[in-house]
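Look at the two complexes coming up: subunit A is in both, with subunit B in one and subunit C in the other.
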Partner chain A sequence: MIIREFGVRQGRKALAASLRQGPACLRQLSSLSSETSGTPVAVADPVLQSTLKTSPEAKKTPSLFMQTAKPARKRPVAPDTTKQDWEDAQALRKSMRGVGTTVQPVYSPNDVFRNPPGPKDVTLELLMASQAHMGHHTSVWNPANARYIHGIRQGIHIISLEETAAHLRRAARVVEEVAYRGGLILFVGTRPGQTQIVTQSARLADACHLFTKWTPGTITNSDKILPGLPMKIVDQHDNELEGFDQHLMERRALVPDLVVCLNPLENFVMLHECGLANIPTIGVIDTNTEPTWVTYAIPANDDSLRCLAVIGSVLGRAGEAGNKRRLQDAQKGVVAWETPQAISTWTKIHGKRAEWAARAAREAAEEQAAREAALSGEEPLEKEGEGEVETEGRFRRGQNFRERRPPRASDDS
Partner chain B sequence: MSSLRYTVRCLRDIRPTPRPQWHPPAAAATTATATTALPYRPRIHQTARTLSTTASRPADLNNDITKEPPPGWNEFQGAVAATDADADADAGSYPDSSSSSSSSSSSNFGALEAASAVAATPFARAVPVSPSYFSRKPIFNDSYVVVQDLARKYARLPVLPRDKVAPTAWRTKEQYRLAIGEHVKGRDYAECMKLVKRLNQIHPDLMPAEVLAGLAPFKREVNFYLNKPKVLPIDRFGRSHAVGKRKSSIAQAWVVEGTGEVLVNGKPLSDAFGRIHDRESAVWALKSTERIDKYNVWAKVQGGGTTGQAEALTLAIAKALCVHEPALKNPLRRAGCITRDPRKVERKKHGHVKARKMPTWVKR
Partner chain C sequence: MATAKNVSPGAALLRSSRMFSMPAPISAPSDLSMATKHKSATATTPFPTHLTVTTPQASRLVGDWGFKRPFPLKTTTKSTLPLVRVRKVDSIEHVTDFRSASDHAITLKKFQEMNLDFTVPQKDDQRPPKSVFEEDADVTALTPEERVKKENIRWRFNGPWLAGMTDGEFNEYLSSTVRGKRTEFRAYLKAQLAADMTNEQNQQAQERAEEAPVPVQSSDISETAFTEHLRQLRQDPVMLFQHVSRFLDLAPLAPEEAAFNRLGALRPNKRYTFSDSPYAANGPPITHPSAGLSYLRTKNYLDNHPIYGPQQRHPPVKARIVTPKNSAANYVAKIGVAGFISKIPEGETSFNFKAGGMYNKNSAIPGLNDFQPDVVGGSKVYVEPQKVTISSTGKVVLGFGATDPSAAVVQKEMVGEGVVFEDAVKETNEALSAQRPMLQRPWAARSRSIMGSSKTYGL
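== the complex of A and B ==
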């Protein structure tokens, strides 16, 4: 249903307005005039009617509304110099770099990501600078951490940095050896802001990372939680191996061989599953955390991203060193890990199947050759006697059967 | 209940191992095709991983397994042992298979080659393809990490204001889930899309190629903002042709500059439509823009009733008029001539007398 009143009231005004703004009208080019108005125009609005009646000369002109139409004013378009400006600014910054006083090394939050410290760089100064010593309020402490605590200052526990450094170095050794033995390491940091830390550590150590919620059962119920996620088979040089598609289809999901947890307080379920599955864990233990949840504790401040970035990069570097050593030894022919039982069993069975298939094929081929030889040899025999023909007929029937038994002594008689 | 579940989980790994069903090759392998599809499923290794929750296997279960070996089992065991010896001595090369594979059929050939390649590698371990393996959403999380890194790396590049950015068709959460097959959480996807849209604001002259690559998984394949409406032509006789629909009527109109003559199905307007209202409706596009004396219309209408035919004509004539004078589109839209009225007869439902009318019902 068309609302005509609306159309009459609004249509003409809108028409005039739009044409004023709009581009050149095709109608303007027309040779026809509007003088011949054969049919009466139904105008419901008395105001409009009066305007139409009072301006007959306007109606006569060929383009009624184009009289008021003006060409759109063109604003001069400034050329976009953003790219040029940006490049100039970069060049200027580069040229001004050497000008002025020499600025002493200052802390930049990105330093730990640009140049990640390794296990060799762990010093008490670095740990102190990254606030690793700050514990929690004394009221929330876990007494099991008493041996890591240096003292109390302004109501909070101060973690002993000698302990932190020693435990961090020990954890780095653990990570390095696990990486050297081809283990799968998982870095977990599920608090907001820890994503960059765990991804960088995993990138360094060629490991896995987790910065979202740990799905309960990822280890103990992995058949249901992680089915069909892509895996690959690699050899001692970390080159991908072909031919294991069937194995990858039917094998079980992977479990990590070492878990590094930056916030054990929120990941008790994961640590418990690791305990059930005999997976060693490394955790950053603050003064309010239970240190027995993890296998290898690193007493440090787990609320400081700066401290966690240092710890994560140290462990990541350790894993990197372990991987490097593993690949170098593999070049020399030394491999410190064994093929997992699942893969070795599958390989054995697969090899046996292939061997038997080959043997069967070979026997079939030999039999075929023998039969052809027999057929070519027996053709002249076919004409000699009736009995011989019968044997031949039986043989031909047997050819169609799937069973091809070797000739027995009874067949000869 | 939880303890029961725990017990069931513990029992999971101590079910008796399914025995391998092996058919001797002499019997089964009569043809080359039969050899490739042996009905054997190795499932032994499925219990290879042992959690500490697993209880040790009861002795009677072990006895049960070893009591009566299936036919062919002893051969199988012997063969496996022989392979072990082979593998120790000579990395598992199969002189038989390599010699016979050349003479056997091609289907056998590939399998044997793969088998020998598998057997020739003494070291093999499984690793996840993606570092986000344990997050259950590896594809999304990998993309998310890439986007976060890019946002960090290119945070200082100049950006366009939001309204100046070329419109991009992003995947919605549901479309993304469908495309990659992972049930991504809405909150995670929203967080990710914030960064993605910020990256997309980078000035196009300075847009790095890796940003474009990183944003690609979040874009739809077809950017519908680039779609252009089809331009209707004016033919060599000065006619424009358009189609309009309403209810179940379909109207075609040819509009040409003229003196206001209208023919609908070969009849003048007054013959085609009995009602004044319908006549007015049919040429309302011309009348509301005061063009009724400037165009001739020749129209065909079919289907439906008089109202539908008249208003289908409105639409057809309005569209055809827009071809002659594109600037009239907005006035015609305000006059209600451009929008297709999508209403149709509602279908009748069962249990109803009509589409919505219910049978009369009185309690007792």
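== the complex of A and C ==
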């Protein structure tokens, strides 16, 4: 302290110009060292002190700025208590942790995408909050929906929340079982704003989605509309299998095993095609929609994106649960589905063909050996050579068998 | 949820939902002059008819207002406050019919900022106005006796206000409501006559210091006596109207004084009590006389200013000059105070400034008598809102006066339109420094030129 005061009295300018600027001005220290060497200098930081001492070969040109600039800081350098302060703050935080209120989670429109509700989360409160009960204007109703309608309010039909919840749970069960049996599910929502909903559902359920126009004939005329689209063959653990290229080339396009439609009113053609192809459908049926268009109706508001997001995520979660259960059972060796007819037929024919080819090859080899033996007249080495050929042939045959006729195989897009 | 005991859980939920608690729209204000005048169809109505709905910001950005379908973002995300009135939740055209409700909602907000109390309408402005929530004016639940006793302060009547009915309405009222009540009315008159006779008997007995006789019953009155009473009543229209209006619970009427004077001359020994109900002249209001806009009982409180201390006057309000005066077309200027078009105060004020007026000590308000095209946002003037009442048609009638100039200056400074205090402080300081120049602090107060900072390394 005394030294510092002495410095202030004796060489205020030099002292101020040199060090009160703090460590940010270290670059200037070298130019000042020659001038300030004789002046007693107060240095709080030992690093700084060492820097000062170890710079004898500094440049002689004095910095104009540092000579004329006023000191930026008037107060003396305080001891650094950052660490202690931080530790004190942590201790205080720890002791006060149990005090005060807990912040309740508030509603956010994005919650349904961040944390999608599943079939277990379906409550009447959730459905009402997501406007599932609001039907259409009473004059545009379809009387077939009378059994889902609770009453009339504000000029619109009110859909019974109990009906919605029951039908939604049933549809979720359908989706789960279809997923469990390895079925191909398609989520369709073609109105503006439904893209995020159908893609999320499809991602959850490991399914397909459609948010643009349904091309008419995609199911009934798929040979013309969907030729040569990529496909793959998977086993019961969902691992892709090799060696089915020939089959995939001559195979017909895939059709879904279940279609979930969020806006049946605009997708009548698709639902009709599903009906022709015996594909079960699940649809959100508002009070103005014909409920017989779909196999499993979910009476709900099809205009509210919030309602559709809840329904889509519930069905997506159901599909997710079904897939999970299917893979778990496959680990235990339980497989609840059968290889499709087309694949099993193809593998059977292909296996037969390979067998014939192998036999023909073996016979040709035997003939060749016999001919050679007849020519040379030697007998004893025959067995070993034949054994080698046999081993090779068996090996090849076995490989074909494993690959092309898997224990269980399915197709997926 | 007392009502939702015996219903299904979903129905109970629905009954407690927001959409189910939306009130049905009230009937729109009937303005007969609309038939002959050209008025905008989208003009703000005198009072709102639909509930105003709002939504949180996060939901508003995705168009979720809690109704059947998301609202279009283009029209609902432009305004500062999310305010919407829904006229149809769903229509045949598959759209939700909604409009912005900013007009009424923000007008209400502005009105409540003025801290005005609704007052009972007055014929003359001599006495200070009285709040509608004072004990003697706030009558809502009344017994039949009180209905008669407080007929001069009541504001709700079962019958119509005859002076406000058209001829057709009156005939319709006669045929539909009145005509079938003949027998009832005779019984009522008989009961009244019996009560009067009992009163008279009692009075006479009291004068003679006798026991009170048996009260007269309606059945004791003979038909001839009753017919005689009816004949007398026919000669006394004021009395007859009193009976009729009490029987039908008609709203009070305020006949002209000249008519009463004539009647008094005809029957010099008869004393009439005239209705001095505040609602007799223009009819009773269609709502509670506060219309639910304000529940304050008085505006007699003191405003405090952070620097100047307690203020004599409430902060004045900036009013918009909607239409300047047009002498050629004989239009008076229209001034909008907190969203309500109000009448210009009468008398010698700056609102009635006439160039060359002899006694006019006020100056003209710019923009009031002439349109000023160069004023951005239109001409404004600070006014002092004084009293507010609800008219019989449900309109807000706001009375204001010229404000005190100093109050206007204080308010301008509060809202950042003027600098009075800072100027005064600067002036004082300058005067001080002129007197004692050495008082200046040397270099600490002087603004220092910093050549370089720690960020630029002095470069």
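Just so it is clear, the second predicted complex is superposed on the first by the 273 of 413 C-alpha atoms of A that agree within 3 Å, B and C clash if a C-alpha of one lies under 4 Å from a C-alpha of the other, contacts with A are read in each partner's own complex, and residues count from 1 in each chain.
Rule of thumb we're sticking to: contacts are C-beta pairs under 8 Å (C-beta built on N, C-alpha and C of every residue); 3 or more make two chains touch, one makes a residue touch a chain.
Just so it is clear, the model here is predicted, and its values are computed rather than measured.
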{"item": "Subunit A: partner with more touched residues, subunit B or subunit C", "value": "B"}
{"item": "First, second, both or neither for A:Q236, with subunit B first and subunit C second", "value": "first"}
{"item": "Partner chain(s) touched by A:W356 [first = subunit B, second = subunit C, both, neither]", "value": "first"}
{"item": "First, second, both or neither for A:L327, with subunit B first and subunit C second", "value": "neither"}
{"item": "First, second, both or neither for A:T212, with subunit B first and subunit C second", "value": "first"}
{"item": "A:T347 touches, of subunit B and subunit C: first, second, both or neither?", "value": "first"}
{"item": "Subunit B versus subunit C as contact partner of A:W337, first or second or both or neither", "value": "first"}
{"item": "Subunit A positions touched by subunit B in one structure and by subunit C in the second", "value": "22, 25, 27"}
{"item": "Subunit A residues within the subunit C interface of the complex", "value": "21-22, 24-25, 27-28, 63, 65-66, 68-70, 72, 107-110, 124-125, 128, 131, 133-137, 139-140, 150, 153-156, 158, 160-162, 165, 193, 301, 303-306"}
{"item": "Parts of subunit B lying in touch with subunit A, wherever the complex brings them together", "value": "9, 20, 25-26, 28-32, 35-36, 38, 40, 42-46, 48-49, 51-53, 76, 79-80, 83-84, 87, 92, 94, 96-97, 99-101, 103-105, 108, 111-112, 114-119, 121-138, 141, 145, 148-149, 152, 157-158, 188, 203, 205-206, 257, 259-260, 280-281, 284, 287-290, 292-294, 311, 314, 324-328, 330-332, 334-337, 341"}
{"item": "Subunit C to subunit A touching residues, read off their complex", "value": "8-11, 13-14, 17, 19-20, 22, 56, 58-59, 61-64, 66-70, 88-92, 94, 448, 450-455, 457-459"}
{"item": "In the complex, subunit A residues that touch subunit B", "value": "1-4, 6-8, 10-12, 14-15, 18-19, 22-23, 25-27, 30, 32, 34, 36-39, 41-42, 64, 80, 82-83, 85-86, 182, 184, 186, 195-196, 199, 202-203, 207-212, 214-215, 218, 220-221, 225-226, 229-236, 241-244, 248, 250-252, 254-256, 275-278, 335, 337, 339-343, 345-365, 402-404"}
